[in-house]
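Listed after this line are the structures, all set down as structure tokens.
Next come two complexes built around chain A: one with chain B, the other with chain C.
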Partner chain A sequence: MRDLPGLPSRRGFLKASAATAAIAGIAVPAKAEQKPEPVALTEYKPICLKPSEWAFVMAAVARLIPSEGEGPGAIETRVPVFIDMQLAGDYGRAADWYMEGPHDAAASPLRGWQTPLTPLEVYQQAIPVFDEWCKVTHGKIFAELDAATQDKALTSLQKDEMKIRPDLREFFTILLGNTKEGYFADPMYGGNHGMQAWTYIGFPGARGSYREWVLKHNVKYPLGPVSISGERA
Partner chain B sequence: MKKLVRVLGVLVVLGLVALLAFIFVPVQRTGPVTQLAADFKPAKGQGEYVMRAGDCLACHTNEGGKPFAGGRAIQSPMGTIWTTNITPDKETGIGNWSLDDFRAALYDGVTPNGTHLYPAMPYENYRKMSEEDIVALYDYFMHEVEPVSDKVEETKLGFPFNLRFGLRAWNWLAASYEPGFKPTTGQDEQFNRGKYLVEGAGHCAACHSPRNLFMAQDGIDDTSKVFLTGGEIDGYTAPDLRGRDSGPQKWTTEQTAAYLSTARNAHSTATGEMMLVVRDSLQYLTKEDNMAIAAYLKKIGTAPANSASATPAAPIVTETEKMLTDAKADMPLGPRLYLDNCGGCHFVTGKGAGETFPELDGNSLVTAKSPKGLISVILHGAELPSTADRPMKMRMQGYDKRLSDEEIAALATFLREGWTNKAPAVSAADVKAVRDLAHH
Partner chain C sequence: MARTEKKKNVVLVGFGWTGAILGMELANEGLEILALERGHDQATVPDFQYPNMIDELKYGVRLGMMQKPRNGTLTIRRDQNETALPYRSLGTFLPGIGVGGAGTHWNGLNWRPMQSEYHLRSYTEEKFGNIIPEDMTIQDYPMSYAELEPHFDRFEYVAGISGQAGNVNGKIVEGGNPFEAPRSRDYPMPPMHSTWDGKKFGDAAKAMGYHPFPSPGGIASKDYVNEYNMQMGPCNHCGFCERFGCYNYSKSSPQTAIIDALKRKKNFEYRTHADVLRVELAPDGKTATGVTYYDEKAQEEVFQPADIVILTAFSLHNVHLMLLSGIGKPYDPNTNEGVVGRNYSYQLTGGYTLFFKDENFNPFIGTGANGMCIDDFGMDNIDFAKEGFIGGAYWRSGQTNGQPIRSMGLPAGTPSWGAGWKKAIGEWYGHSMNIGAHGSLMSYRGNYLDLDPTYKDPRGRAMMRMTFNWQPNDLKMIQFMKSKMEPLVKSMNPDIAQDGFKKDGAMFDVRPYQTTHNTGGAVTGDDPKTSAINRYLQAWDQHNVFVMGASAFPQNTQYNPTGMVGGLAYWAAEHIRKDYLPNPRPLV
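Let's turn to the complex of A and B:
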């Protein structure tokens, strides 16, 4: 996504939010709810992804929202778990989508899903294709490349430099989309662990109770977020 | 020595005779309180109206069952009581009952074969009904209700409550007062109409009066100080209706009447058992009758009538409201949970929105002696019935999955102490008890 000229940049916005979250973060943990930590990502048993696919998703999301630098990354927020859960569910099966076709790979992306494959099938078929391309081009499968090369490979994928099969052309788009969704969705869906992403950008979550704040201008909202299932941070 | 044995023997025999008499001599059944003209015929619809006022349908119909065919479980502290089939079916219902049989059930709590009814049947209150209403109700059941052949589960309480003859003694305490309705002299017709509905058919005291040592209603009319000062029903709170802070005393008569006929008014909404009473009974009463009930309740308030109108002149900003508005990150758990879960509808003022979200500040269910009603609403939510005047079924979701016992205890304690409320704290054990009740 390119920043629009004349408007505050997305990165700038995130930076500013991060600063406020950092200040808010000082007081919040005192009230944070104690929850047992879920199983570590390295121990996690994927519901639908095979080990090679899981390794790819882990490596890819770690580059799309990296852990180094500001704010939590996709790994700390358990985005891979979100993606696995979603692909194992209705989304992965395209359960409530129109899938009868005709599918026209040449159609404008604005015309929606133009492949007979479900999102899970796109992951399952695109990952080996992309890994093979990485091996040919960079010498190793994606998960084994160093970070800088991974970034390069993802950029190539985004620009479709490898001319991927038409029925897989949505792969990068849904990978990036699912990563963002896992980062910002309610924790009940497996990602946004501990509401770290919400805390980072200063989003107060599923509270829906701000009537008294409508007329308070330029006052920072002090409370940390709450999730749909009632977690507090 | 011989003499002593003989005396003892006589005493034992006398005792046995008395016991047998207590068990087997039929109960004297109460006759009509007024002799109606031989050609008395209830007005069209009168019987059904009395049935609505007495809410017979609610207990004598099972969830999803045929009207009045019984089989509904009433949880009592003594065990489960199954309501009976009161359709005019001759085998399984009351089709063979005479008017005198019918009256005896309503006045004395006995069936034609002399079996005592458990006082889950509010004959303590129905004893005040007029002969006209009894006849109308009898006529309704015999001629307007569809007979249903359905043998319902028999009530089998544990010892000693299975010995129904024991209720004879209980009735001497609870339902031995002179039958029929005694209007209060010097009060107007509206007052006495309200009094008749509240004390008689409406059997409000069955839930809203405390129970005495013998589990009888403590006070069945307004001559008793504790009449309608709050009780408990099936693990739910029936709030005080007479104290200074109770709904009928704080609200205008019109507001109370609106609550009775639509389950909602400018301040509050009916939940739990009361919601069912509005749904099945009160919404069918005329505006005049609900106004009469409201006017009567207001007049029997135990504290001097609140001269201030229902809405205070200048809204006072409470400490609680200030704390909730500031939303400081270090606020205690109770108010934090309120903002996270409740504030969106009930607002930081705790005043909610008229006819939609009940106010929690000054809400008698929130501050009731027993916190069970409040806990139950937090756990399981509430739904308003659809009534003719207000068809919208407003619903609050339950928080049983979202909040733990400790969290609900903290939240309920906050509600009971917040704004102008002053009621004792709630413990996690209190919450657990109500949560466990739901599994029965």
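Let's turn to the complex of A and C:
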């Protein structure tokens, strides 16, 4: 994968490998036996996203859940992999949804998903539109902008300042929704790497058994998370 | 050419709560019973097993246990001037699919309506005079609470409900709900313990002179064995209850309470992937001859003859099948005539989120029916004339889950992304609680169900069309609840409190989940001009067709519907067994 100029997540990569080393080497030795480290995001071969789309997703999620400050960011938790996997699967294809016409994409948003496009198609068609808008407005495609300008551009997208086509209207909503899903879903879906997001907020994941703790009112639950496939953090 | 199967005495359309109840009751009569279920087969093992079941993304977010709109959905509009659009991806309500229906993944909150609710129109008129708005079509149930009581009791003892009685045969019991309709005996299991949020709410409510009691729920607080020898084990408070199947045999579900025993009966059979397309009527239209279903495995239509057809397909699907089959006259809101589709209703809820930065709620410790309730603002306790609305609500505080994708309460004004969001989730996760008001919803001329003129389902049938919007009466009710809840919230002294109550003029939004408490459309009544089924849930025009489910409610209760759905199912089953089978005829 080519080196992306100005990609703010490079700092994220470094942090990710440092965090990974900490997990593998010190925090939970059991972890290393369980799972080999996955391929670095820079080496990852997307299943359905084209290089320009992947570059956008990498850059966008790095701003939606940035690496700076406390807690992991979307890059360390491998959210882009989650998004690629989801878009390549049933969700991306809207496999469960009723997609027959006639469609009224311009209907009030209160009336739900009304675009004829699937989530994958929304990404595919909205990314070039948004990149073009970034170029015209800020001089470069989104992934090449600096972090502060990226934040500005995402805010414009969220507020729909560019008046995006109605059939692409849900783009920001699903991009943000999918980013948070990737951050918090079980790691088997590609994101929430090392259960870092769960550890950060204090969610015990797939423990699912708290009978003895119900009446320990206002006492913080002591155990960290487990995942569905048996990882421990 | 449709294949024809061997005739059965009874065919049940749908195999959820009501299908399981009717199946067992009628199988015990020795009849040959067939349940047709359009979804897949599913059972605790292997389908709900730990840990695969407790997967927020798959079941909580992507709705793995729900009906897929691709295979069947409906269209929705807010009023008659709007063009209805398909409900393409699920949001506001989540119809179930597969053996057990929505009963596998419900919360388990189990109630009996309050006493005024069974005769709401006459109660309102007698007590408050002529205050019912012209377009409000509420009406009385054709049976009384006293008639239904043994059947509520039966459902609670079969399903396995934990709770604290508040009124046993008129005697008020300390710690229970003093406003509940009198019950003949206690719940089958003691109440569940509440987490910290419910405790705080209960204490605050008590200090204000209200009457807190533990939420009654289909969640086992101890070991339990029901009349069919079906066992429940105590709940783990796993926090993956609503939207999930229970891995622990602790949630009341058709599987846990009935189906495993029913499957052992030789005269009972069920077929899955069998999507009932319509009820077939005899040439004179006076009886049903059976049903036609689509066999997805054989990819063909099948005619299934039967002596009795019982719709147990969930309220919305019951009404759709009636509209498609010509059972009852479709409702026309312009003339206010016709009965099928009439009095569709829903549920109106609201609530507060309270943030306490120094307290630990451990939100992932929860059950579908956790916490403490009050009923001080229930219907029986409200002066409709003085307050200017008809309705009421019960309040509850009790966390059901701490699943972080869906259940991340953050103070208003928190950025929805970026560094500010990330900081806030670290600061606030686990430090907030909710208090909810679960309110009634009246029925109106303008809220109804009919067939859509444009959209078709995959089998080429017209989709059902829902015309529904919030109405001023009910919005006033929920604003009233807000005004009463605000002082209670203040008394709890949270760092931050924020409300989520709909305001006057609110439009129905199909995106956020609200409830799967869709009611009405085939209501029970004494008058064939204003009801689709009689007091025994029997179709007025086809005496061998019975229609179960919340579609029978003349208006929605302030409570979750399933206690009433179960009670009505046992009531109808008794009359089918005792009155109908010996002499099949219109029972009214």
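Note that the second predicted complex is superposed on the first by the 199 of 233 C-alpha atoms of A that agree within 3 Å, B and C clash if a C-alpha of one lies under 4 Å from a C-alpha of the other, contacts with A are read in each partner's own complex, and residues count from 1 in each chain.
Please note the rule applied: a contact is a pair of C-beta atoms (placed from the backbone, for glycine too) under 8 Å apart; a residue touches a chain by one contact, two chains touch by 3 or more.
Not measured: the values here are computed from a predicted model.
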Mind working out whether A:211 is in touch with chain B, chain C, both or neither, as first, second, both or neither?
both
Chain B versus chain C as contact partner of A:180, first or second or both or neither:
second
Considering only the touch criterion stated at the top, classify A:202 as touching first (chain B), second (chain C), both, or neither.
second
After superposition on the shared chain, which partner residues are touched by A:106: those of chain B (first), chain C (second), both, or neither?
neither
Hey, is it chain B or chain C that touches more of chain A?
C
If you stack the two complexes on chain A, which partner ends up touching A:40: first (chain B), second (chain C), both, or neither?
neither
Considering only the touch criterion stated at the top, classify A:68 as touching first (chain B), second (chain C), both, or neither.
second
In the superposed arrangement, does A:232 touch chain B (first), chain C (second), both or neither?
first
Thinking of the overlay built on chain A, is A:221 touched by chain B (first), by chain C (second), by both, or by neither?
both
So in the superposed three-chain picture, is A:189 touching just chain B, just chain C, both, or none of them (first/second/both/neither)?
second
Do chain B and chain C touch any of the same residues on chain A, and if so, which?
207-209, 211, 221, 226
For chain C, which residues count as touching chain A in their complex?
50-52, 54-57, 61-63, 68-70, 73, 76, 83, 85-89, 91, 193-196, 199, 234-240, 247, 359-362, 364-365, 402-405, 416-419, 421-423, 425-426, 429-430, 454-456, 507-511
Which positions of chain A touch chain C when the two form their complex?
63-66, 68-71, 73, 90-91, 94-100, 102, 104, 107-114, 151, 154, 158, 176, 179-181, 184-186, 189, 197-198, 200-204, 206-211, 213-221, 226, 228
Could you pull out which chain A residues touch chain B in their complex?
24, 27-28, 30-31, 207-209, 211-212, 221-224, 226, 229-230, 232
For chain B, which residues count as touching chain A in their complex?
324-331, 333, 336, 339-344, 347-348, 399, 401-403, 407
